[in-house]
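Read from first to last, the chains carry the letters A, B and C; within each, the first residue is number 1.
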Amino acid sequence: MAALILPAGLLVLLLLVAPMAMLFRISLNEYSPTQLMLEALQPGNYLRALADPYYQAVMGTTMSVALSCTAICLVIGFPAAWWLARMDSKRKSLAVILTVFPLLVGNVVRSAGWMALLGRDGAINAALRGLGVVSEPLQLLYTEGAVIVGIVAVVAPYMILTLSAVIEGIPRNLEEAAANLGAGPLVAFRRVVLPLAVPGVVAGSVLVFILCMNAYATPVLLGGPQFKMMAPAVYDQFVRGTNWPFGAALAFLLLVVTLALTVLGSAVVGRRYRR
Amino acid sequence: MGTLQLAGLSRRYGANTVVDGVSLDVAEGELVALLGPSGCGKTTTLRMVAGFVEPSAGTVRIAGRDVTRAPPHGRDTGMVFQSYALFPHMTVAGNVAFGLEMRGIGRAEREARVLEALRLVRLDGLGERLPRQLSGGQQQRVALARALVVNPAVFLLDEPLSNLDAKLRAEVRVEIRNLQQRLGLTTLFVTHDQEEALTMADRLVVMERGRVRQVGTAEELYERPADLFVANFIGRVNALAGEVAGPGEFRVADGTALPCPRDAAPGMRATLCLRPEKLRFQPWASAGVPAVLARTVYLGGQTEYHFTLAGAPVMALRETPPAGDRLRGLQPGDRVTLDWLGEDARLLPEVAR
Amino acid sequence: MAVRGARMLFGASVAGAYALVLAPVLAVVVISVFSQEIVSFPPEGFTLRWYANAWDKREFARGFVTSMQVALVATAIGVPLGTAAAYALTRARLPGKAALNTLLLGPLAVPGVVAGTALYLFYVRAEFWVDDDIKGTTLGLVAAHVLLTIPWTVRLVSAALAGLDRSAEEAAANLGARPLTVFRRVTLPMLRPGVVAAGLFSFIQSFENLELTLLLVGPGRITLPVAMLNYLEFRVDPTLAAVATVQIVLVGALMLITDRFVSLARVV
C-alpha cells in the first residue's frame, strides 16, 4: 500500500524539493555581469539583501501587510464562518457557492474590480462626490490601504471556509449547554466556541498568511509602481535583472521569514489555548 | 450452515491482552451470546471470527475449516454491524445484492434472492430506496437481510439492537430469534445487555477482562453461577461473606447464622449468594434471621424490600402485596425476620469485596 | 438590549465580509457594459460591444484555452495521484508518515513566487540536459500545476477518509469482496464528495494561478491570468472586464453544475 504514495511523493520531490535545493545552491553563487554566475559558496547575497535598506523596507512592508491582512481576515472571517457553519442545509449550498465563487474568479480579475471601484473616477469617489462629502477625488488607489483591502478580499474566503469546517465540528448543543448554564451569546462564543475553534484559527491563519506573504497581482496592480512587496521584488530580479544568485537569495529569505513567522504564530496560539 | 470452533483464541496489543485464551464450540443452528461489560473482549473475539482482527494465538474453525489466517472475504460469515454499515451510495436492493454479486451469482437469481430476503425481513417494495431514506429499524432489517441472503456458514451479530429504542428492541429481538431458528443459523451474538442475551441465546458466554468466566444456558448461569462476577452480572444477587460453620449453617463475621446448602464442607470460607426472589421475610420476630428494613421500592407488580442484615445490605423481591395487606404498612426501621431454603443459596469460593 | 446589539453587529459583520469579497467581482461585471472606453463613474451609457471586442483579442482567447488545457490535465494527473497517496497515508502503517504528509502538503507552504523561481531555474538547467524547451511549453506548465493539485487533493481526500465509517468497508469484505473490490465499490464511492471537491479545488488553483506560473509562460503559451495581468498593467477597460465577466459566468455555471452532482455545502 505504501507504493501508492510513490508517484505523488516522487513528483513533489522532483518538482519542489529538487528545484528548491538548486535555488538554495544558486543563492550561494556569485554574480558576474559577463558570465551571469560564478560557482561559489558564500553568503554574500544574503548579507547584501539583509543590509540593503531598500530590501529591508520591502520585507518590512510585506510582513506588516501580511500580518494586518491575516488579523483583519480573522476578525471579519469568524462571524461569516460561524454564520456559514450554523446555516440550515437548504440555503447553505448557495452560501458556500457564494464563498467559493470569488476564489474561482482569480485575483487578477478581482484586482481589476478594485481598480474600477477605487480609481480617481471610480465608483467610490463618484459616490462621495455625488453626496458632496468631498469635492476633489480622494487618492484611494495606489496606497497601502488599497493593497490591504485587495488582499483581504482575495484571501478571506479561504479563512471563512477553513474556520467554518472546524466550527461545524463543534456540536451545536455545546452552545445550547452554555446558554442553559446562563451564558449570553457573546460569553458562549468566547468561552466555548472560540477555544474549540483554535485549530481552525491556526490552520486558517497559516494558510492566509502564506498567501499574503506571497501576494503578487494585488500589490502590483493596486499598490502602483512605488509600492513594493517581496513577491514582485523577487520576480523583478529574474525578469528585469539577470542577477540570479541575488534573486535566489531574496526568494529564500522570503521563504524562511514566511515559515518562521508561521511556526512562531502557531506555537504562540497553540500554547495559549492548549487543551 | 456450519459449526464454529474457537480454540485458545487470544489477542494482545503490546502488553495489553484484550482476549485471553477463549475456547468455544458453537453447534450447528445454535445461537451463542458473548456477554460482558464494555472492554471485556467480546467484540474483539467476534472481529477475530470475522477476520478483521488477527489473533495473536489460537485458531478459528468455520464448518471444520481452519480460517485463522484467511482474509475476511474468504470466511463465509455474515455479519450485522452495530452501526449497520449500510453502503450509503447503494439502494437497499443494491446493498442486499452485494454479497451475492461477490459470489458470482447471476443477475436473475440475484434479483429473486434479494426479493426473498427483503420479504423475509418485511421490507418488500423498499428495494429502490436509499438507506438514509429508511428509519433506524428498517435500516437494521436491511443489514440483517444483507447478511442472511448469502447463506453464510456463521451469522455474526455485533450489538445489533443497541441503536434502536426500547420498544423496537423488544420486537426485533423476537424477530431475529425467530429468523435464526427458522433458518437454523449458527450464530454468534455480542451484547452487553443481559436481558437480551437471556431471552435470545441458547447458550451464553460471560466474559470479563478478556477471559471466559462461564459458559452455559440462561438457567445454568442464573441458578448455578460459577463465580461472583457471573452471579452479579446475570441478574441481581445478595452476597454475604463468611464461613461454613456446620451442615446447612453459614456464619457471617458478627456470628449471625444463615441457612446454606447441607453438602457444604464445614470450615470453608466463602460468599453466600442468594437471589432476591428466594429471600422470604416476615414482619414479626420468629425463627429466622433478624434484620431491619431500610427502604422499599415500589415497581408496580413487584416491590423491592431492602434490609440490613448484620451490617450488610440484602434485598428481597416479591409480588406487591394486595392493598390492606400487613406488608404494605411496613416502615423503614421496622424489625423483620428473614428466611430462605438452604438449598436456594449458593456458596462461591471467593470472598466478596 | 446587549444581545440585540450583538446580533446586529454580528449580522453587519457577516454582510460586510461578503460585501468585501464580492464587491470587486460585481464591479467587473458592471463596468463590462459601460459605454465609455475609459472607465469612470457614473456611466455615460450601456453597451455590449466590448464583448465582441474581447472576442477579437486573440491573447485572451488563447490564454483561456491554455489555462483550460493546463488546469484540466493537471487536475486529471494530480487528483488520482493525490487520492492514492491520501489513502495510503491514512490507512497504511508506515514509518515516517508525518514526514511524508509534510512533503505532500509542502507545495501549500512554499510561497508560489519562491516555488516558481526555483522551478524556473530548474527548467533552465533541465533544458540544458534534455536539449529541448521546457519553459513556455504546456508540459512545463502542467508539471508546475500538478504541484498545486497534489496538496489540495491530499488535504481534502485525507479529511474525507478520516470521516469515513470503516465498518462499511468491513461489511463489504465480510460479504466476500476482495480488497481492491472493496476500494472500488465501497471506499471510492463513499469518498466521492471529497474527490469531487479535490477536483474542483485543484482546477481552481491551477486555473487562477499567477505566482507559480509567471516565470514559466512563454510566447504563445500564456495563461489567462498572466495575459490579463499583462494587459492590466496598462489600464482597466471594459474589454478586459468583458473577458473577466465571461470567465465569471463560466465559473459560476461550472459550480452550479458541480453542485447538482455533489452538494458543495457538504464537501468544502
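A few remarks follow.
Here, a contact is a pair of C-beta atoms (placed from the backbone, for glycine too) under 8 Å apart; a residue touches a chain by one contact, two chains touch by 3 or more.
Given the structure is predicted, the values throughout are model-derived calculations rather than measurements.
Arrangement of the chains shown, judged by which pairs touch: a linear chain-to-chain path with two open ends. Counting C-beta pairs in contact across B-C and across A-C shows that the higher total falls to A-C.
Computed from the mean C-alpha positions, the centre of subunit A lies at a distance of 59 Å from the centre of subunit B. If you average the Cα atoms of subunit B and of subunit C, the two centres end up 56 Å apart.
Distance between chain centres (mean CA atoms), subunit A to subunit C: 16 Å. Of all residues in subunit C, none touches two or more other chains. Those residues of subunit A that touch subunit C in the shared complex are 1-5, 7-9, 11-13, 15-20, 22-23, 26, 76-77, 79-80, 83, 89, 92-93, 95-117, 119, 121-123, 125-127, 130, 149-150, 152-153, 156-157, 160-161, 165, 184-186, 207, 210, 213-214, 216-217, 220-221, 230-231, 234-235, 238-239, 244, 247-248, 251-252, 254-255, 258-259, 262.
The touching residues of subunit C, when paired with subunit B in their complex, are 165, 167-168, 170-179, 181-182, 185-186, 189-190, 192.
Within the complex formed with subunit A, the subunit C residues making contact are 2-3, 6-7, 10, 13-14, 16-18, 20-28, 30-31, 38-42, 81-82, 84-85, 87-89, 91-92, 94, 100, 103-104, 106-115, 117-122, 125, 143-144, 146-147, 150, 154, 200, 204, 207-208, 210-211, 214-215, 224-225, 228-229, 232-233, 236, 240-241, 244, 247-248, 251-252, 254-256, 259, 263-265, 268. Those residues of subunit B that touch subunit C in the complex are listed here as 50-52, 71-79, 81-83, 85-90, 98-99, 102-103, 146-147, 150, 156.
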